[in-house]
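Same chain, two partners: subunit A is paired with subunit B first, then with subunit C.
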Partner chain A sequence: MSSVPSPRVVGERRWVNASFGFLAWIVGLVFFFPVFWMVLNSFKSEQDANTSPKLFFHPTLDRYKDVTKSVGGLLSFSEAFTNSMVVVLVSVAIVMLLAVPAAYALAVRPIHKWRDVLFFFISTKFLPVVASILPIWILARNFGLLNTRLALIILYVAINLPLAIWMLRSFFVEIPRELIEAAEIDGAGLRGQLTSVILPIAAPGLAATALLCVIFAWNEYFYAVQLNPVQGATVPIWVTTEISTRGQFLAKLSAASVLACIPVVLAGWIAQKRMIRGLALGAIK
Partner chain B sequence: MSTVRYEQATRVYEGTDIAAVDELNLDIGDGELIVLVGPSGSGKSTALRMLAGLEPLDHGAVYIGDQDVSNVRPRDRDIAMVFQNYALYPQLSVAENIGFPLKQQGVPKEERKTRVRETARILDLQPYLDRKPKALSGGQRQRVAMGRAIVRQPSVYLMDEPLSNLDAKLRVQTRTELVELQHRLGVTMVYVTHDQVEAMTMGHRVAVLKDGLLQQVDAPATLYHEPGNLFVAGFIGSPAMNLVPLGSGRPLQIGGAELVFDGTARTAVGGANGDITVGFRPEAVRVGDGPLRGRIRNVEDLGSEVFVHVAVENNGNSLSVVSKMTPPFAGRIDEHVGLEIAGTAHFFAGDGSRIASTDAALR
Partner chain C sequence: MKTTAGAVDALHPRPRRLNPPGLSESWRRRLPLLPALLVMILLTQVPFVMSIYYSLTDWHVVPPGPRAWVGLHNYGTLFSDSFFRSAVWVSVRLTVIPVIFSLLLGTAFAVLLDRKFFGRGLIRTLLITPFLLMPVVVGLIWKNQMFNDLYGVINWVIGKLGGTPLDFVSRYPTWAIAVTLIWQWTPCRMLTMLAGLQGQPQDVLEAAKVDGASAWGTFRQLTVPHLRPYGELGILLGTIYLIQVYDLVAVMTGGGPGSTNVPYFVFQRSIGGGWEFGQASAYSIVVVIASIIIATLSLRLLSGLLKGEEVA
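Moving on to the complex of A and B:
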């Protein structure tokens, strides 16, 4: 028997919904405000940025010019940007190449003791990052990898791989088993199953996983600053070089931070288009 | 086209001791439509998956034609399978879905196109060739899944409850189409279902399974009229056969009325020790003023036939007997009536096996 809610109950529900909506907006604004303030500051003069906050000011692009202008001997934006791009793209590509077969072996055709393997992957995350830096630094020095992009590429692959395997596995597990079996009966080998069935259906999951790896690698600061403080330094390190002990730097720092954010935001925007789920609808009734 | 043979085929799932399919022996003829039927957990789907190569054998062998395929990969077995949920590739169009097996086999594009078009024509799918599966109705999806199987012209077709996601009317219609198609193509088909009506109406022969064990393989009419054991007797037929435990006392009595029958059956039943169960189909029970007294519990008037459920007392237990009457039927719920048996009675021994079947009456 279906019960028809009384008008009073409906009214109450609407009121509750509205207040939750309002609360969500407040929380959203609180989170967004620092970003908004940073963007605003980046268009100000140093004086404006350092005086009492005001919304109306004469906007200028000078701070962007300041931070992107290369000064001899100092880390330039273009250099840091190139380093970051190479390190992030190469490391994420390697991560995805390794994670797809690993996730297949853990989800589609679970290997013997797959639970232990899965646990092992995540257990590599248990060690505090700071506890690992000394051995890593010594290894990097001994192999002559200090101040090279390769050091960061290796590290970022190692950091992101367990996460990517876990995420991809959860997406692969969701693929209806019958689809893979149907492909198998229809004559598809392992490669055919991957390219015709698994990867197209898991495309949103692949996009989400790659995006997360990009974000983590792009934002990573701790290892980068320890291993590559001079050569091969990445964007986060470059941002901090705008902090100076003399004079005012708030507007310049804001401009640098905005530049550091743009690639990640772009990556998110591109991935979002692919992440739309529902591709799998219609496969299984 | 090909024959199929299960030889002592056994499958035990990891972590269990009981075989999902236990030493199955089954011969399927060339061009035969055989239906594997049973309740859930009977092993019918596992048996089919063993034939498909999706489930390994722990013991025994499976042959397609003369070849032992027990260790052959699914794609090398020359089979096609239709899944319960169709398993269409969501990102591919109908044409690409149907053409998928051909593409995997490396069939040239032009030939692929021709064969896909021809298959679509057989299944009335031409208008939908460019659509994605999600833009199709359940019946159309089912036909696309069929198309993907037909297009390859395999030796054996495997069907895993392909109609169970369709609504009742479409199911009956598709059932007929499927039987026609199988007849026209003359192919060997192994069809799994839990629906005994589907099994009886489609199968040239029907294999009844229970708990991984094959109970009986026979033509539908044989299963109905000469069930091998209690399980088959109760499973085949709708409404189910009336099964009445009679205990070990002689003469055999139901609710005080004596069951009389003669001939060789009497000797066979007389020779059986222990508990006897008697079974009779609803059409063998007449509601009127027979010797077995009872109370009408429910009357189901289907128009062409009336099922009357009558509660009778037997050895202190209440049991429900179903009778199939031809309309009009005047009886009402709670009315007291008398039942008589006018037809075949089946006698089962304590271990469930059938001892005899003969005409019987109540006195």
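Moving on to the complex of A and C:
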């Protein structure tokens, strides 16, 4: 994206660019401030966090120790992280297994009405989750899936599959037709074409798609809190347990928030260029 | 199948055309698609049809009561319920305000990022970060460190400027949530608009410059019309997601006057303690109808962009 040269860098306008750049820096820093402050608070003592904002203090890792040690009977850090890891990785693996062939059927050798099918997939994202939560809750209860990881795995497949298909399709469409045809002439079936041509070429796109799915699954709260409030609880629920009605909690909450966010924020920063395209296309979330 | 897709079907009628000679070939093409298609129909359309059915019944779930068919009765009483009316009003404000402001801010940020400057990659990274954060964390962080009346950053700034501290979240719950939503959603709008800006035909911009057009004139006459579909897409998609906001309401105010939107209200009336699944389903169907109207518009728009992509 950023490789497109900006046309406006010309001598007399240099000061205009410089001032735009300066403004961009200010805007960026102000906009980022809440995140910066959260990270800073996570290294403070509760006393330092719960006074008028201070920039200088004795940094400590104690809040991280507080939030990660497990207390009997309460949802522990390691438990929530294990649940989240299992739910996210399994659901994204299923999503990719289903989405790759589907994207093939919509992009490489498109079925007759491929556009309608594509729109059906995206239209499922337009269905508000509130409209399906009651039947899902009833079904989960009747099948004994309340408070199990399986319930969330199934639902996160439903959340991410349309997005994955849309993104993968856009990557598959760009693969040179001749390469696929050559593989076909060599007698490669769907599997052969996928493993020998399509997947190697689209690998970066595949990774970006999977990563975006990981982000949405990792951050999901609504289904998690409705279906798994007790057992199988995931990281977003664990974060909310750090709020207490008694005593001060801001520093601890900040430390828990940093831990909860850091995996996907780092991944997102690293892969931003490739993900941006999936987001920009509009198939957001 | 004939539910949300109903809106899509209306736009793109799907004639069943079975031509036996081509059957095996077309099924060979369809086969890779079927697992994904079946999974999505099962996981999204079946619950939705069940929801419609529930909405036509009177059904108290805990303690379990009989499910009685009441037809459209739940819909008839919908708007005489003053709690529901206020939830609709909150939903409208919590959707319209963030959609508009995140689009404006996102466009402004995109214009800034479209130029070369020192550290552009870093600034872009900082600007997209709110989107990557867990929404629950976003809500808790804004509530407890920014808006807090005792030691929140915003009140500290207000104090320095000589104002009196305010308990934003309890005094102005809608605005507190709206501001947080704007912060959370601006990165997405920024990326959409940035894609639009960078997709501008460079030769036309060059020609305008050669012809001596001013920067502002070029922006108004060329860039704004070019960005229009991207902005419309941002408005529609933003609306569809914001109409469903639940997590920020849950963690910032936990409902209460001025912050209970329709999704949270549905939750309160059902799983959250009301257990009136029939009535709550009717409330949720109202959100669906609003979404379908918006979705139909956005699909039409997406379809236009998709056709453009094919031509290119």
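Methods note: the second predicted complex is superposed on the first by the 250 of 285 C-alpha atoms of A that agree within 3 Å, B and C clash if a C-alpha of one lies under 4 Å from a C-alpha of the other, contacts with A are read in each partner's own complex, and residues count from 1 in each chain.
Everything below uses one rule, namely that a contact is a pair of C-beta atoms (placed from the backbone, for glycine too) under 8 Å apart; a residue touches a chain by one contact, two chains touch by 3 or more.
Keep in mind it's a predicted model, so treat the numbers as computed, not measured.
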Exercise for the section: With the two complexes superposed on chain A, say which partner A:176 touches: subunit B (first), subunit C (second), both, or neither. Expected result: first
* To do: Answer with first, second, both or neither: which of subunit B and subunit C does A:184 touch in the superposed model?
  => first
Comparing subunit B and subunit C in the superposed model, the one touching more of subunit A is C
Task: Check the residue A:115 against both partner chains and state whether it touches subunit B (first), subunit C (second), both, or neither.
output: second
Output check: A:168 vs subunit B and subunit C. Expected answer is one of first, second, both, neither. What do you get? neither
_So in the superposed three-chain picture, is A:197 touching just subunit B, just subunit C, both, or none of them (first/second/both/neither)?_
first
Subunit A residues where the subunit B and subunit C footprints coincide 279-282, 284-285
In their shared complex, subunit A is touched by residues of subunit C numbered 3-5, 7-8, 11-12, 14, 17, 26, 29-33, 35-37, 39-40, 43-48, 50-51, 54, 61, 108-109, 112-137, 140-142, 144-146, 148, 150-151, 153, 156, 159, 183, 186, 188, 191-192, 194-195, 198, 202, 205-206, 209, 215, 233, 237, 240-241, 243-244, 246-247, 250-251, 262-263, 266-267, 270-271, 277, 280-281, 284-285, 287-288, 291-292, 294-295, 298-299, 302-303, 305-306
Subunit B residues touching subunit A in their complex are 52-54, 73-75, 79-81, 83-92, 100-101, 104-105, 132-136, 138, 141, 148, 152, 165
Residue set of subunit A touching subunit B in the complex reads 176, 178-179, 181-189, 192, 196-197, 200-201, 279-285
Given the complex, residues on subunit A that touch subunit C span 1-2, 4-9, 13, 16-18, 20-21, 23-25, 27-29, 31-35, 37-38, 41, 49-53, 98-99, 101-102, 104-106, 109-113, 115-117, 119-139, 154-155, 157-158, 161-162, 165, 190, 215, 218-219, 221-222, 225-226, 235-236, 239-240, 243, 249-250, 253-254, 257, 260-261, 264-265, 268-269, 272, 276-277, 279-282, 284-285
